[in-house]
Amino acid sequence: MSKLSIELPGLSLKNPIIPASGCFGFGREYSQFYDLSKLGAIMIKATTPEPRFGNPTPRVAETDAGMLNAIGLQNPGLKKVISEELTWLSNHDVPIIANIAGSQIEDYVKVAREISQASNVHALELNISCPNVKEGGITFGTDPEVAKKVTKAVKDVSSVPVYVKLSPNVTNIVEMAKAVEAGGADGLTMINTLVGMRLHLKTGKPIIANRTGGLSGPAIKPVALRMIYEVSQQTSLPIIGMGGITNAEDVIEFFYAGASAVAVGTANFVDPFVCPTIIDELPALLDELGFDHISQCTGRSWK
Amino acid sequence: MSKLSIELPGLSLKNPIIPASGCFGFGREYSQFYDLSKLGAIMIKATTPEPRFGNPTPRVAETDAGMLNAIGLQNPGLKKVISEELTWLSNHDVPIIANIAGSQIEDYVKVAREISQASNVHALELNISCPNVKEGGITFGTDPEVAKKVTKAVKDVSSVPVYVKLSPNVTNIVEMAKAVEAGGADGLTMINTLVGMRLHLKTGKPIIANRTGGLSGPAIKPVALRMIYEVSQQTSLPIIGMGGITNAEDVIEFFYAGASAVAVGTANFVDPFVCPTIIDELPALLDELGFDHISQCTGRSWK
Amino acid sequence: MIVKETMKVLSHKELAPAIFELTLQGQLVEEMKQPGQFVHVKTSDGLDPLLRRPISICSFNQHEQSFTMIYRAGGKGTKLLSRKTETETVDVLGPLGNGFPVDAVESGETALLVGGGIGVPPLYQLSQMLVAKGVQVIHVLGFETKSAVFYEREFAALGETYIATVDGSHGTKGFVTDVMKDLADSYKAIYSCGPTPMLKALEAGYSDKPLYLSLEERMGCGVGACFACVCHSGEGSSYKKICSDGPVFRAGEVIL
Amino acid sequence: MIVKETMKVLSHKELAPAIFELTLQGQLVEEMKQPGQFVHVKTSDGLDPLLRRPISICSFNQHEQSFTMIYRAGGKGTKLLSRKTETETVDVLGPLGNGFPVDAVESGETALLVGGGIGVPPLYQLSQMLVAKGVQVIHVLGFETKSAVFYEREFAALGETYIATVDGSHGTKGFVTDVMKDLADSYKAIYSCGPTPMLKALEAGYSDKPLYLSLEERMGCGVGACFACVCHSGEGSSYKKICSDGPVFRAGEVIL
């Protein structure tokens, strides 16, 4: 499987396939289906300083080739994530990328400082792009100055490399990427969800209680690819790409655009085995396309 | 059919179904399938002062529940559009909304002044949101100040009401809407396409010669609905909604979000009869939902 | 264990307008133990529609490795599902969640099973298993109208069965609670599945006995990973996931 | 007239690995007059995949109201199409575009038909119609390899037929042009359909005779409305639409 190994800041990945944050909980559920050690890494559910219940239900709605979610960062809080979830995960041979969130810079700093100490947390994913919370979240991810500031603050306290997760809901994604690069980011993950909405035919009201939600799934893949294509040419940061990946061909397409690894979100709901299936299928697909190693695919669209 | 009649600035529509600009040429092709007089109005292909060939091919690529296009505003130029296309269209009992484009403000002004004189042009649609041209197009549609300026310039010379077509590729759609409202717009049309990309599995290169293209079709519907929902609550301008509409239920959903009429684009390629089919199906759907008139649906999500 | 399997369609028929009974065969059935669990069904091969649909297990037969579900073909996914024929297969993930506790009632005692509309199906396996262990069952089943009624005979074969229809076209006019108020309260526990207003009415009026409620919510993963289907279970941020902690809860365990 | 019709599958078989021959029946066939036109096919009911697929008409039979297409199941849409069975239907829009001019060659004269790979099919109807009016036909058909060859016998029944394969596993080793350079140039016109490099080679080497080329391009509408499929036809902004002005053009009419 050495065709698939990837080295990124803080991360030695057996393969570049990572379940996306929020789509895989803390791994427990999917460990019923396969050995989590098979995965390149795991991006755990966003963690905030305190436990959060999140938004009222309904929290999801289906859309054509996609879905909306407005979970609202539900999580058991920093303490429990460290003592229970990360401890449980440490029995698996898989690096953890901890997705961290908050309502104010201090929240990010607090979570970053503590969670980055956990022995199996090899990198942080700074979630400044969650569209489903009133405070924090996306507001940090749409203003370059604020994004830079929070990146810097987190970098200062983190004992592992910091990847910043970019929001696609911006006019100029390159500007955002450059801002967090200037803030000291070690890498980028992109994209988070596009803000969308569905309305109920009978009542006329939003299907999601939070009214709007984040659009994920294959519908957003072309937007993700375009943004990765643009950003990978304009910054020197490695990119973990995501947005609608459902099969091995999609993975290659994200690499071509400029990604060095990928995350798989929504597709886990459709097929709980999607990650190991992709991992198994990649080597043959690389052979067919004539690549010795998957890293040869990175940025091929513009190199 | 009085359940479906709609009055908008400059437009007395038999029904609120309008083929979207660029997806219906100048109507000739679809007149092979049905009588164009059946339509609420027609948004003709973007017109520029001079003839344009547009971008190299391939110009389209399929995506999940959507497609990318980078036509590049191909059109026969203002003179021919007026003398040939609009003249031909004047034999049909259907108001025309002329989509106008250009590389600089002077282009918009020139096209607006002349095309708005045509007797069957009842409104202009100011295309400041085309993602597929190097100059003009989207650059006018992402900066509120520029958008306001071009709106005002066009308003000054147009003899018919001016609808401004908004780009979804912005951080803050409400700000853009307010800017063009301040510029004197009579209405809004939204949304244009999201910028996206697809890469070829074999070559690694972009499928579309122009590299990136505009994403349209059902994939973008949730984004369109969300933006219309936001903008309709924050401005007093009527909105012609579009983005992924394929059936009568979709039309109602756009009305609920805040639209007063809708345009149908990509769906024409899948089913050339989609517009008349929707028009035929709407009255029964309104009955089923308990509405006497379709205008009762407008803004129901937030009213 | 949760299994994902491409199962064979054994039979598929329309029981009432838009109400379909689908029987599938496969090894996944071996994992079914409890009544009231559900499966997550992919209704088409491709991306349209994208998500799985949660449908209750109506009954299962270990011997034939088959199980039956009853569903309403209402939206896009279920309408597509309803077109599947006996030559075809269906992609099923399951069994999911925790169902009704059969051991809450002892042999010789009586249990009341209350179902509303498309919430009726999971009560059928429950009733069979209760009867098998010697429990007496009373069924109160609510529907919109006479034509929407299904499985009346099947339930009647297991025990006393009362029907309520909203328009009074069959059985008692009104809701299940209109039937229940006239029943002697000789039963030990109530098991129920149906629309939230019905569950709320039961919780309000019948919490003196053990009362089990099967809940519904829009789902993403169906396995407890996405936090789409949570409900409050007390103060603050405490919660239960309907898909993996439920869908059946004891009244009071969660906030409806 | 262009018609949209849900057509019946009469037969469907695999001629060579991943190459399928599909025969459909319906009234739309009444509108087919010219060889070289195409249809726009919806390969699934829903949105996945979204767009229609342009496929050439290989032959049509007015009497039986049927027509045949031959296609490679390569991508998502054509792979789905290849699963259609004889109990099913296919949504077809057509006939589209302008085909090969049969009257460019007179009875008693000879025509050369040059096809490459999946460009071969439309030449079959053309050949039949030329033969019917008394034209002598010579076919030069290029394929990748022996196993990819289809319709050799069918073409041979109509006239002299030469095969070229890139790997030399059948017929002449090389390209169609390797066959053509050895042919007496007794023919009056060349009709061709195949990959762009082949068409370019023909245009470069054989423009002294009337030469007709059938072009391909990614399409949106297929009917001339979206400007997806244009090609330059001279200086400045002059253009032709492949879907509605073509797909067949006379060499020189458009820039390859």
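Order of writing sets the chain letters: A, B, C and D. Residues in each chain are counted from 1.
Here, a contact is a pair of C-beta atoms (placed from the backbone, for glycine too) under 8 Å apart; a residue touches a chain by one contact, two chains touch by 3 or more.
Computed from a predicted model, the values in this text were never measured in an experiment.
Participant: Common contacts of chain A and chain B?
Facilitator: A chain counts here if it touches both chain A and chain B, which gives C, D.
Participant: Using the touch rule from the top, work out which pair, B-D or B-C, shares more C-beta pairs.
Facilitator: The greater number of contacts lies at B-D.
Participant: Looking at CA centres, what chain is most distant from chain A?
Facilitator: D
Participant: Rounded to the nearest whole Å, what is the centre-to-centre distance of chain A and chain C, using the mean of the C-alpha atoms as each centre?
Facilitator: 36
Participant: With chain centres defined as C-alpha means, what is the inter-centre distance between chain A and chain D in Å?
Facilitator: 46
Participant: Listing for chain C: what residues touch at least two other chains?
Facilitator: 47-49, in rising order.
Participant: Out of chain A, which residues touch more than one other chain, so two or more?
Facilitator: Expected reply: 63-66, 218.
Participant: In graph terms, with chains as vertices and touches as edges, which category applies: line, ring, star, complete, or other?
Facilitator: The chain contacts form a complete graph, every chain touching every other.
Participant: Which of the residues in chain A come into contact with chain C in the complex?
Facilitator: 22-25, 28-30, 32-33, 45, 51-54, 57-67, 69, 71, 74, 76-77, 207, 217-218, 246, 266, 268-273
Participant: Residue numbers of chain C touching chain B in their complex, please.
Facilitator: Result: residues 47-48 of chain C touch chain B.
Participant: Under the definition above, what is the set of chain C residues touching chain D in their complex?
Facilitator: It is residues 44, 46-49, 80 of chain C that touch chain D.
Participant: In the complex, go through chain B and note every residue touching chain A.
Facilitator: Touch list, chain B to chain A: 63-66, 68, 142, 169-171, 194-199, 201-202, 204-206, 211-212, 215, 218-223, 225-226, 229, 244, 249, 252-253, 256-257, 289, 297, 300-301.
Participant: For the complex, give me every residue of chain C touching chain A.
Facilitator: 1-2, 4, 42, 47-52, 93, 217-232, 236-239, 244
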